[in-house]
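Look at the two complexes coming up: chain A is in both, with chain B in one and chain C in the other.
Here is the complex of A and B:
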């Protein structure tokens, strides 16, 4: 993994970037006020959500418009277990991805039978079903009022403590997803993305492989949802709403879907820009965001990571024209 | 049609295989019998049904009537991934590779799948079957291109790569749909000589379609001539060349 690219002034290898970012994140609580720690916590959670989403989009070639379903299943599972059943935080966080994965298995079974637009629309439809169930099942979920006072135990209550906790959980998940992308499963997933027909002719059951990726992606989205529940201190039905489903899509596009770390970079850029602009002109944030998305897609198709000399695809040598 | 006892020794047999698209009878009652070790050319004018026949045999599309036997077993209706695992490999008329993976990764992925490792989630894949994949790439003459993204390889090299991908699944039967399409004449002979050599070394049975008659008559052991979805003639090259029907509908035409 040598130094990438030539002309770029920020030409560091992926490994150097990771080391730099990890060190910066570790010392952040020593220098930053708690507002920024909370912002960074949220960035880490959204970054995990978008990275899990991008396992499907960037590496599997499947665009889901309904990933909020698995985020919300994770969030509600953790919140309900802690609040209604008095389960300890760690057990609740462990249960969240299991429930999200079960949901992804059930819905994904039907979704992977379709492709492209139909895949996206069916994933959206299932997410709207999840939203409706949460919204209407007042006895369990609190309906529109959500579930309030979902806080972590006192040990993790301070912004710095929950920041470190989130960082560790997200870090482990990112390591796992990175290993998956580079594993034989990841190679076969990329093969399915590149050419499903050829993939069948090397013996891969394409739908089964897509479903497995869908379940893995759903499980990690569930982890992100459960972390967000305790960060937010409450959960609401709009965690499953379609606007939430577009968040990882926009974040991944901004950061770069063709790079493993693109969605993390995208989450950082997205939340920082949102903070900067909403602070000054709250009404205009969606407008500015729309403009940024257009500019990135047209001018910078490899996303923010394209700015720092990241390779378009990992382990693919730079190609001279 | 009742399958006969002679099926036992055959690698591939189709019995009365038919497929129509709307009003067009693309494949019409084709009986094909391919013994082990055969190097069989399937020729015929454009629209004769060659590619459709390949698509039926390899499970890419469902046939209307008839049966397909592979190594003596009825495989009618099996999907491509199951046929691949039973030892049926294939290449396509339009090159079909994993374009954004390197040549090496293309072949490694085929090996991973063949060895049922493609659900391994955590070990780095680049370690697996690297030597085997490099060996296959060397066999087809792509050793030096191994780490290049396959999408930027020259057309002929991409076709060689597709051959290597198909070989990684250790097929008993290889169906090559116009393996030399788009190649210069010299390269066509090279690649078919390579196929013949590999088939000879490994005992692989090969069925291929080809438009270049020089190539066909140079390498094929037997030739089956398709015309309007039916078998017009079959035999060793000399017999086919001498067949009046074949001369009339096919060889007489400019190609």
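Here is the complex of A and C:
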């Protein structure tokens, strides 16, 4: 149960750190130019996406290769509601996770029946279906051209305003996710990850817990998607493409999948690195990203947070469903 | 007919992927990238070899060898270090390789699409049932089944094939019986890469050789392998034919949703028989 203890103690010992980070983020708009606020907004969004993803991977031991589907469902739901139905921003943002969760429930019902590699593959297959539907359904989604001019109301239009707005929404979601991980449900989920058979013996309905985690993770991915839609001002079918599905995976891996805050730290590192490298050598960015993935896996299996904390990746982690 | 030849090319790629999975338990996501490298090597070789009739055939022979060498380097240099780790880590590693290989191809060959001229003897077309049919596709229709037969002989009539089949059933037992499993892994990975490279080289004159071709072929080969059953030789053949035909007929009948059909088929197979039509359930 080392992982459980580690996640708990990290939250406690890191409380002052969290406070420091929150204060730093709050005053950032006073000192940073708007470009960096946009970067921070992106970091917050992808951090939420990766944290939601990691509820499955790190805590549930299930690796989805199709999480872009729920990100895109959220993004398109919000964009369509605002653009086609004239729904106010907040209502659209509230609807996004519901649709994403509905999608996750529908697909997850089948996906959680499988394990390991097959779990990953079926999630990928469903995500490709979502991608194709978005891509081909031109009348509704605009197909390849996407939906443009999906801006938030003028109140939130400035980088600083949208930055604060994103920070609050993401912060609330992270708190909620943390509460979920720390709840009896979260512990049951970890038990399922560690040993599904034993979990079943003590009366945990394994599939139902996995499905619930899948739906929760999908819903929060949907929130991230909808936030990104308004940040970006447009949505594209790429949001559902499989390369997008690898983004939270890489981010979580970078930060360390065994800790709750790992993916957030990973998002920070990922975006800063992307900015530094693609600013000067945009061509090399995928090379560096791929190289990082390879190096992290071979040399640093517990991510950079693991490096700092000195915890080792345990053999036979996660993935036993 | 063109559905058949597409299916045949798919077979070459997916049987390599399936073979690698069967023995090493690695789903090689970089397999599409190997295919792409095979096609690009073909471009370069055809360009640089003297303009003689045999140049095309020599290139077709050499390009896959180059890919096989690449596969060998990756297996020995990277994959060997992580065989004992979580299979998902291996999956993610091969994903990282996609990005690395993709960028290197971009740097070496540039962003423009390339094409490989068909050899003169096969540049025209023949009439089959009154329909014109590019004669190069006939080569594909002959060569790929020949490879399939050769593979069958290799797997079922040689000692090496027996070892490979044994490894897909129980690697530990094979190791306990004194077989050098690590060497077998490398051989299988190199051979699988060769198959991907051969598929790419053979496909090069029929398609635009472009960046991004790796992703297309990967997703389709992936569907083939999942439908047929990971690690099953016959499964790849049937899966490739099914997918090849489904694609060409799907485009005729439901142009908008042919890809959805493909993934829907895969989803149905995964739900009903998660281990594929001819695969074995996980132990």
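The criterion applied here is as follows: the second predicted complex is superposed on the first by the 295 of 321 C-alpha atoms of A that agree within 3 Å, B and C clash if a C-alpha of one lies under 4 Å from a C-alpha of the other, contacts with A are read in each partner's own complex, and residues count from 1 in each chain.
Basically, a residue touches a chain if its C-beta (ideal position, glycine included) is under 8 Å from a C-beta of that chain, and two chains touch if they have at least 3 such contacts.
These figures come from a predicted structure and were not determined experimentally.
K.L.:
Who contacts more of chain A, chain B or chain C?
P.N.:
C
K.L.:
Which holds for A:33: it touches chain B only (first), chain C only (second), both, or neither?
P.N.:
neither
K.L.:
So in the superposed three-chain picture, is A:286 touching just chain B, just chain C, both, or none of them (first/second/both/neither)?
P.N.:
Second partner only.
K.L.:
When the two structures are overlaid on chain A, which partner does A:86 contact: first (chain B), second (chain C), both, or neither?
P.N.:
A:86 contacts neither chain B nor chain C.
K.L.:
Thinking of the overlay built on chain A, is A:113 touched by chain B (first), by chain C (second), by both, or by neither?
P.N.:
second
K.L.:
Go through the superposed model and pick first if A:242 touches only chain B, second if only chain C, both, or neither.
P.N.:
second
K.L.:
Just to be sure I read the superposition right, which of the two partners does A:125 touch: chain B = first, chain C = second, or both, or neither?
P.N.:
A:125 contacts chain C only, not chain B.
K.L.:
Based on the superposed arrangement, let me know which partner A:200 touches: chain B (first), chain C (second), both, or neither?
P.N.:
Touch status of A:200: first partner only.
K.L.:
Enumerate the residues of chain A that count as touching chain B in its complex and touching chain C in the other.
P.N.:
The answer is residues 315-317, 319 of chain A.
K.L.:
Contact residues on chain A for chain B in the complex?
P.N.:
176, 179-180, 182-188, 190-191, 194-195, 197-206, 209, 212, 216, 313, 315-317, 319
K.L.:
Over in the complex, which chain A residues touch chain C? Could you list them?
P.N.:
It comes out as residues 63, 110, 113-118, 120-122, 124-126, 128-129, 132-133, 136, 242, 246, 249-250, 253, 283-284, 286-287, 289-294, 297-298, 301, 315-319.
K.L.:
Considering the complex alone, what residue numbers of chain C touch chain A?
P.N.:
Its residues touching chain A are 27, 78, 81-82, 84-89, 91-93, 95-104, 106-107, 215, 219, 222-223, 226, 230, 256-257, 259-260, 263-264, 266-267, 270-271, 274-275, 282.
K.L.:
Show which residues of chain B lie in contact with chain A when the two form their complex.
P.N.:
Touching chain A: residues 58, 60, 79-81, 84-85, 89-90, 92, 96-102, 105-106, 108-110, 112-114, 117-126, 128, 147-149, 152, 165-166, 168-169 of chain B.
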